[in-house]
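Presented below are the structures under discussion, each in the form of structure tokens.
The following pair of complexes shares a single chain, chain A, combined with chain B in the former and chain C in the latter.
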Partner chain A sequence: MTGLQINGLGLVGGFGCGAEDLQVALEKREAPVSRVNLRDHLFPLFQADTAALGNYLNKRALRRIDHFSRLALLGAFQALEDVGPLELNRERLGVIIGSGFGALKTTFGFLDSIIADGDACASPTAFSNSVHNAAAAHISMQLKLTGPSLTVSQFDQSLVSGLLSARQWLAEGRVEAVLLGVVDEYCQVLGYCWERYFGEQISSKMRPLDFDHFSAVPGEGAAFFLLQAEADCAAKYGIIDSVVMGQLWGSRPTLIPGQPLVLGCEGHPLNGGIYRQQLPENASVACYTPLYGAAPVTQGFDLAVAALTLKRGEMFPSADSGGDYYSGSVVTEARKVNRLTCLRYGFGGEYAVIQLKGNG
Partner chain B sequence: MKKAPVAISGAGCLCAAGLTLKESFSAMLRGERNPKPPVAFSSSHIEKFPVFEILAPLPIPGSDVELLRTSLLAFSAAGEALADAGLEPEQLGQLRVGVCIGTTVGSAMNNEDFYRDFRAGDEPEMTAIDRYLRSNPAAALARRYQLDGPCQTVVNACSSGTDAIGLGAAWVRSGLCDVAVVGGADELCRTTYNGFASLMIADPGPCRPFSSQRKGLNLGEGAGILILESAAMLGKRGRQARGYLLGYGSAVDAYHLTAPHPEGEGLQRALAECLVSSGITAEKIAFINSHGTGTPDNDRTESRVLGKLFPDTPFVATKCYTGHTLGAAGAIEAVLTLASLEQQVLPGNVGLGVPDTGLPVHPVAENSAIRGTVGLSESLAFGGNNSAIMLGLEVG
Partner chain C sequence: MDIKTKLKQVLIEELNLEDITIEEIGDDEALFGEGLGLDSLDAVELVVVVQKHFGVEIKDMEEGRPALQSINSLAAFIEEKQK
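Let's turn to the complex of A and B:
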């Protein structure tokens, strides 16, 4: 099967909005952590702001679109704008969205309508927007895309699961391009869950390469990619060479020796041990999750960093330098690269490997 | 472009009509159905919208405390399908097996009791969240059988089951895996019950797809699973295919969040892709298992499209026996389509009563003999999704 060209990027997360904002964060090696309300106190969050969606849609169009779908729409509009004029039939552009949790705020908003006012007063608008594929529907409607549409929910493997289908669609000739995105949002219930699971440990400084200690900060946002089959013309960013998802109970990731790894670790000891056990001793690693936080959407940001890396032909210094807690080789200075791998382990033994290359 | 057929080596389903495919299909041919107000939960609606609930214990050991019921439904249907395919659970770990499952409730973090406590300022225990996190249907199946192939939970609302089958078939066809466990599962849930009531598309009586008296859908629950297998693996195991997945198509309306395009534009394109990918012409199709929810909009759109593209092809809406099982619907209907092809009979559309004369075509009212080896199953969904799959008894 041929590779997937990344020809457009659309990003919104704690680092800001768009590839330029992510690039600034990568160069500074930091991004702001907001403090949001969680009941009677403040809670750290890499918060995404969708105000820039006003550049693409007017207030009337946005009236009934919730934060989750706004994140997705902003990512989608940017990715299509980034690719420039796309000469293809809108029936031949597929949409694939991955989300770990879906439209949480609207889901709980729907429950609010029932709890506050009774079953008979359940909100039809909230119910309609609470389905996981609502974001894909809004994208299709606003961008007039009428090809195949798929929404998948595989927690933190949602991106790689969606990528498999994108690759399949392009290889089969079902579509000429795929607008693939991952999106997840924060809500207070999620914050409560974090506190119940991780208690007092939550800080605002992530050290994901410290596999033994908790340092995760939640994030939210959207990462979108305009993907096309590998062709004679150069990719705008880079080429996804292979996509593999597997389970440690049956297999191990196949990693190419010497190829730098972008690690998806997020400061969770729950899967930190897996990284420690599974990483090759001499692997050269970088981790950028301190720029966008911990969330199912994070692997999308990792892929975006890989795309930006291949475009400039140089690794960004890892956002976590490894300090005195990581004994392996960490990319701490910019260095030339034309191939790299995104690697992410889940909490239950699942893993995802995305191998990328530059235009050559 | 015509795609290579993918063998179906096993099938299983459970729904309110029965706990196995055989039980379910037999009950349908007897015209049995018994939708009633839900037992699993209560509501304060004046109208007690009936549902198609599975009241018998599920044929799979497992605890509701550990997993959402959706996963247990998926386990039940998968157990039947794997046994039908002659695949022992311990064999699966040695093969490249993918799992692609459609759902809606099974991926929703919407536990009402948990949220009610949270909202009241209490500190609810995490049991409900733990259960949700363990219950992603595809991941739960992969974990149960130690599957190591691609894993995908499709959440395309009510077309999820159909899409999961079409997507899983592509995995097998491309060599991404040797075997794919595909289908859909969904449980009854108070949240969706209230949701459909709020949209005023739930029928206060037993649902009547395509009837002049139809007022909406009845929710249901269940799961449908197909085992898809490469020809090489089937040959290696010395097994015969039970049928074939011949084609798949999908497209969106880009029209409305919940209502279908009045002329079914997306559905027509999904059907066109399905026909092309299967290499089957319309006149070869023995029957169609329609989406047929019983909502005024859905049935009107679907009838228009069927009347335009397949004016002489008999069709049925099996939701009149199963209720609308949401993410499982397309998968259950695919399994029932296979059963109809095998037995060469289409169950009659129970409850049709007086057909809506405003619709160009109507489903069969009585059990009807069919002639042919190819059947089509189609799904429409919130979000404007439309999907169709072609099943056959022969390679095509």
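Let's turn to the complex of A and C:
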């Protein structure tokens, strides 16, 4: 395939806002876990703050934009800003948004309002924000991007699905660049479901390499990438060499021996067993989900970490160093690298593999 | 709270007008365009807001256009319908 250059990053999550905040969290190997109100108690969450969006838009422009779309907009603005002086033709810039859950707060709020006040009093604005492509629409309008727009919802394969579409658009020459972002948000219904499913197992310390025990903490946020076809000029953050999505029922992911793996495991025993069974014995792994939490689209943050890694040419130490519960090889110290793979297994045996390389 | 103050409060809350206060909305100020700066999407939202908070239905644009001119005209419309 034609490689995809990563030339801009936009990030907001529990670790903070922007690539610098993520880099600080990677170096410290920790990020703060917030405590949010859930009925009569506090609930752990990697919470994302969109206050920095005020640097790009005034309050009047933001008034119809909900938290989900604000996360997306903040990521989008940052990614375009990060491109720097590079001239982008906004008529030939495509937008692809991926989300596992969509605008949860608005969707449930809208449904609640119908129950409380009847359908005649349902808010038109809340309805328009509850549709999955609202975030893409806000981005296109606010950033004046008039290229093609697509919203993908394939749970935790939304990122790779979006990457495959981006690659296709660039290969066809439909666009000169793609602004691709993944977004998911927390809402109280999600917290309620989380507790119903996982009950007393909930902790605030993630140990994702402990494949047998639950330790996932929910997270929210957005990860955006400005992608362009591989060219003679160097990529700002490295190049996506290959994107594969599949299902273990019919195939196995092809992993390159010796290439470090950034694992998307999040402390769910449901798919922890798959990681344990499928990982090559001598694989060198790192996992950074303890810096942004668990959500369908956190592979977007894994990809951002990979991009930052290739930019500096050195792996960040894994946020979970393993210990007694993981006997394999974990990246615990910074080490030189020019190629790496992001690997994520879903609960039903789906897999998503993104292989990246540095410049030259 | 009188109906005009309640209207202004509801407008700010429901239309997320975080950049203005109740005191800054004039009773005769135009709600749309130059005045408060609301637009056609707000008009649709306002119809719902009036029904939800005041129990008054704006049936069509013929009825809505004169009512939605200002806080004064909207308050008068609501009071008339509530009689």
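Side notes on the structure shown:
By our rule, the second predicted complex is superposed on the first by the 359 of 360 C-alpha atoms of A that agree within 3 Å, B and C clash if a C-alpha of one lies under 4 Å from a C-alpha of the other, contacts with A are read in each partner's own complex, and residues count from 1 in each chain.
We take it that contacts are C-beta pairs under 8 Å (C-beta built on N, C-alpha and C of every residue); 3 or more make two chains touch, one makes a residue touch a chain.
Everything numeric in this text was worked out from a predicted model, so none of it was measured.
When the two complexes are overlaid on their common chain A, residue A:R196 makes contact with chain B while staying clear of chain C. By the touch criterion defined above, A:D232 reaches neither chain B nor chain C. Of the two partner chains placed around the shared chain by superposition, chain C is the only one that A:N58 touches, whereas chain B remains out of contact. In the superposed model, A:G246 lies in contact with chain B only, and not with chain C. When the two complexes are superposed, the chain touching more residues of chain A, out of chain B and chain C, is B. Once chain A of one complex is fitted onto chain A of the other, the partner contacts of A:E281 are absent, as it touches neither chain B nor chain C. Of the two partner chains placed by superposition, chain B and chain C are both touched by A:A120.
On chain A, the surface touched by chain B in one complex and the surface touched by chain C in the other have residues 120, 122-124 in common. Contacts from chain A toward chain C in the complex involve residues 58-60, 63-64, 117, 120-125.
Interface residues of chain A, counted against chain B in their complex, comprise 1, 39, 91, 95, 99, 101-102, 104, 107-108, 110-112, 114-115, 118-120, 122-124, 127-134, 136-138, 140-141, 144-155, 157, 161, 164-165, 168, 171-174, 189, 192-193, 196-197, 245-247, 249-251, 348, 350. Every residue of chain B that touches chain A in the complex is listed here, in rising order: 1, 3, 43-46, 93, 104, 107-110, 112, 115-116, 118-119, 121, 123, 126, 129, 133, 136, 138-139, 142-143, 146-157, 163, 167, 170-171, 174, 176, 191, 194-200, 250-258, 265-266, 269, 273, 381-385. Taken together, the chain C residues at the contact with chain A in this complex read 14-19, 37, 41, 44-45, 48, 51-52.
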